[in-house]
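Questions regarding the structure given below will be posed in turn.
Letters A, B, C and D name the chains as they come in the text, with residue numbers starting at 1 for each one.
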Amino acid sequence: MIKVGIFGASGYAGRELTKILNRHSQVDISFITSESHKDIKFSDLYKKFKGDIDKILISSKEAEKYLSSVDCLFLSLPHGKGFEILKKSLDLGKKVIDLSGNFRLDDKDDYEKWYKFIHPYPNLLNEKIYGLCEINNSAIMRSSLISNPGCYPTSIILGLFPLIKYYYDDIDLNSIIIDSKSGVSGAGKSPNSKNIFCEAGENITPYGIGSHRHLPEIIQELSKANKNKIDNVTFVPHLVPYQRGILSTIYIKCKVDSVSEIINKYKEFYSNSKLVKIVDEPVQVKWAANSNKCFINISFDKNSKTIVITSAIDNLLKGAAGQAVQNFNLMYGFDESCSLI
Amino acid sequence: MIKVGIFGASGYAGRELTKILNRHSQVDISFITSESHKDIKFSDLYKKFKGDIDKILISSKEAEKYLSSVDCLFLSLPHGKGFEILKKSLDLGKKVIDLSGNFRLDDKDDYEKWYKFIHPYPNLLNEKIYGLCEINNSAIMRSSLISNPGCYPTSIILGLFPLIKYYYDDIDLNSIIIDSKSGVSGAGKSPNSKNIFCEAGENITPYGIGSHRHLPEIIQELSKANKNKIDNVTFVPHLVPYQRGILSTIYIKCKVDSVSEIINKYKEFYSNSKLVKIVDEPVQVKWAANSNKCFINISFDKNSKTIVITSAIDNLLKGAAGQAVQNFNLMYGFDESCSLI
Amino acid sequence: MIKVGIFGASGYAGRELTKILNRHSQVDISFITSESHKDIKFSDLYKKFKGDIDKILISSKEAEKYLSSVDCLFLSLPHGKGFEILKKSLDLGKKVIDLSGNFRLDDKDDYEKWYKFIHPYPNLLNEKIYGLCEINNSAIMRSSLISNPGCYPTSIILGLFPLIKYYYDDIDLNSIIIDSKSGVSGAGKSPNSKNIFCEAGENITPYGIGSHRHLPEIIQELSKANKNKIDNVTFVPHLVPYQRGILSTIYIKCKVDSVSEIINKYKEFYSNSKLVKIVDEPVQVKWAANSNKCFINISFDKNSKTIVITSAIDNLLKGAAGQAVQNFNLMYGFDESCSLI
Amino acid sequence: MIKVGIFGASGYAGRELTKILNRHSQVDISFITSESHKDIKFSDLYKKFKGDIDKILISSKEAEKYLSSVDCLFLSLPHGKGFEILKKSLDLGKKVIDLSGNFRLDDKDDYEKWYKFIHPYPNLLNEKIYGLCEINNSAIMRSSLISNPGCYPTSIILGLFPLIKYYYDDIDLNSIIIDSKSGVSGAGKSPNSKNIFCEAGENITPYGIGSHRHLPEIIQELSKANKNKIDNVTFVPHLVPYQRGILSTIYIKCKVDSVSEIINKYKEFYSNSKLVKIVDEPVQVKWAANSNKCFINISFDKNSKTIVITSAIDNLLKGAAGQAVQNFNLMYGFDESCSLI
């Protein structure tokens, strides 16, 4: 049994992480933390789990005491938080999976611009592996520090990577338009004027045009698909009135006359990936919601010579907690989908 | 008082039409029809209106008897229906506003391809005026046959027309990508596997990629904005879990470095239009829902040199019944927004 | 034209009040206030009204300057606030309509128990008229201080009053069970852990069993229906995932064998009330939502000898702003439903 | 491994049944049937399960061929259907769990009144065990024919049984009022005018007052709690705009002054039941949704001497498929909650 600790178990991603790890046959949860809800049972915060997960949420400070006795740490803390815990854990030889954005960007200078903080451990940026499981599979297996991808980037990179890798000559790399739609759980658990029922319901809201912090992450990772650097991508996220899931509708101008060969390439590329499904019609978010899968469809608008890729995930699972556990499974040699199907 | 008749008052657009015309100070509703709900009160079908609109729904057949005594006919019937009524009304010298797609396309041959019927009155296609009020204002005033625009096209053409008209040299006309999101009332009132609560709720569904019948309508009307024909447009509609409203997110590659001048041009272009609002931030569907207004924002993604226009309407009002009454107001010399604010 | 001022125009009820009064043919809005959103346009807070209601929200302090020049004040402030403004207005001879709970209870001692404040103007409690228009019609016409009813009480009292008034001998007055369901706008506009989308959506929550502050208001007013005091009522409100509306399902044990005579009595009782509709089937909240009407149905469960009354209103309209304007109409001799249909 | 067959796998309950049994460690699904969707993969009907449940749906007729090779049959067919299959299966010595209402009522004459059919196998009505697991635990273990309870009755009987069993002298048995709220999945998967998004959404609808077919089932089973027959119960179901779950709010007049002892009795009564949770505050449907648990709270309104029990389940799980598998587990000696937590 692998002993794990979870920092930040009271947010939505932390809740899902706790739920998945609790049922994982190879895992023993040593502790779960929460600053805002410490000293109460997890099942008092989330009544749903009464009798199943009655473990008490403790403070980070208290959790540090148990650090040496666990094998792997999950950090599901706000961006900019948790660096000390993470450093200490690594120094103790522990494996760490960080669900925040703290390590997603490779260049330390980008943190100031996109995350508004100066990165305290720039050296670790080279050490960390970007934990997009289907792409970085083998590196993840050997890593001790995983930076778990953002939710939007997960849906987008899985949807675009094979196209850019194998067909970069056939597509216009500067034409990529990504119109993403996220459920309201993506806006977090803290009440605010955007995520209340009477504002988010019966509505749809575009936001962060050209300024969302997932944009540099998307460009950075897509640029690794082949030798051609991606210079820009247009990315517009929208808040949509459902609880869970992201749908990314991706548009790329191309020179091809059909996408049937491309579709086959995608199927081949993901043939060993149990959690990615290439399907024959535009994907619906409800297929992916409450699952750890990513559904992808590649369509073609002949008249405008535009490839239209739709990609759907659950933002809290494949886009956060589920992928964190998938990374964990890879790091410890378990089946990638253990506890995830 | 203008005497009007409404064919097809039991669908969602017909319901809104009846509601608006009932409160219109210059209108007297002579009859309302419904085949599926004939011989019951409008307020028995829509309880909300009990005591306010207790008029009885009659069959089309019966309504024909009263045709000669009305001034203006509204046809809110399914595509492909109502041609005989329309012809008869015109022959009797009545004005007609057709809310269906029956006259939206200029070329008779397009009906077979997009609407699956052979157009019975191709000559009328030249006579009809496309009733997008803010664009075709003066022609509408003189017309007897208005083809009321589709819901998606209304949001899109209002959002793009000034850009194409004045800045066609600065934008890449072949780069237009339109990602539209419609509420479920757009899927109609007849129960089907797509519009039931447990399928449409907690979900988002892209559909009709490159094949939606509003596509040729969009291309046709945008091509009239200037001398350059638009050859293609990528249009992907999505079904979103709210009841009313359309948000269109529109992407155009451009050569400009700023959109501030463009924004001013939009404000100028729509300065006399009470129902179009140019706003400073990306638009939300809830602003437009339950109103007859169109909200438009023009944003700019500098890095990718992409103009991002967001445009929102209520699909049943500005996208259907509201615009029909706006057309009526123009035809009869009333204030454009009479009964609509 | 009657000149009015609105204190507290930025909450949901204040928004509706501003909207209704703005379109009222006999009203001129002198000022609207908001502490949290002062010095911005109403239409910047609620974009929907851009171009229609661009009046600037001012602070209460500033509004006091204009007090002497208006005829009637609407107070849509939180419970326990606004007493000084109200007193000053009355002293200046103005009419006041208070939408808060500050004057709803007749007994000053009840405020400490239910509202947690000591009432500063107990003498005014006798002066005020409880503004349930269909019941206290004539008193309202002569009053200068109206206490606008709570949302739950409006739906409940309108549903029960005729029964208790005319059939108190036939029903068990101690058996009244009221199961009410309110939309999330009833939980206010301030974000909190109960009204966020991911908690309120896909959920239903009973709360305040036996402790809701609308309970004494309900008992107090029902007791006025006849000589028999109502000693108790079981009232359980629920938060339901829709935006607007209250449905109250009311159960009363009775001795009768049929409710047909009772139904006729209800129709007679409300025969002059344009905004109350007695209907033939259990009522749905959507009939009343976005309207100022109250829909009531009286059903009978023969087997258990139980009358089941369902009553629906829009909590923000007939349950707040709409009724406030209805009171205003009565006070000034306008048609009761002016600007409300 | 127990070999099972599922008749009616394409409806919502059938879908859940297939999902649960597919992951059950002791089960091998031999076949799944659907008349309306035969000859396609389960994962083509429900895309979510692509790669996980790709078994092909076959017709009932074809499934009959495999009847002799399975151990246990699940029937998730419409009321009034499947009697022949069931009889044949029993004759072959198979165990049968019927999710329809076909065997829930004990008295054959009640079927005509409530289900509109003449029961073809009245003798089996005595043989069947009513599969409310927490109540009829030991009888279920010995049975070959389980009638799986209705969704509303499950939430209600679990909520009331201990009270009636142990406190019948302290409560007024003729005062029971049950106000139930069901999610829209309870209205089935066939599109109709009640379950479409624009009718069910932003709405709440009471229906079937005194006439719902779950009423006789509730009265019948509650009457078994002690020697006193329950003569009547007032039951009013409501359709509420969320997908999954039932909340029953139950009111009973009583002589007690406190419910603390009663609460302890409930905890004792359910002490061995992993799937029933007695909690300290009124229950929310979201706790039970997507789980196989029943959450129950017992509150007391002192002033009106009324016990208020709130009980929540997932209508498709504990109210249908989950309970069916719980019955299966009991019948085969597995842990009651196997595959259900």
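Here, a residue touches a chain if its C-beta (ideal position, glycine included) is under 8 Å from a C-beta of that chain, and two chains touch if they have at least 3 such contacts.
Predicted model, so just to flag it, every value in this text is computed and none were measured.
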Most remote chain w.r.t. Chain A, using mean C-alpha positions, is C
Quick note, more Cb pairs in contact for C-D or B-D? It is C-D
Distance in whole angstrom between the CA centres of chain B and chain C is 37
Dist(centroid_CA(chain C), centroid_CA(chain D)) in Å evaluates to 40
Separation of the C-alpha centres, chain B versus chain D, in whole Å, is 46
Residues of chain C that touch two or more other chains sit at 201-202, 241, 243, 283-284, 286
Listed in rising order, the residues of chain D that touch chain B in the complex are 12, 184-185, 189, 191-193, 195-198, 200-202, 241, 243
The answer for chain B against chain C in the complex is residues 47-48, 50-52, 202, 274, 277, 279, 284, 286-288, 290-291, 295, 341
Listed in rising order, the residues of chain B that touch chain A in the complex are 174-175, 177, 179, 181, 199, 201-207, 209-210, 232-234, 236, 238, 240-245, 247, 249, 251, 253, 282-286, 289, 299-306, 308, 310
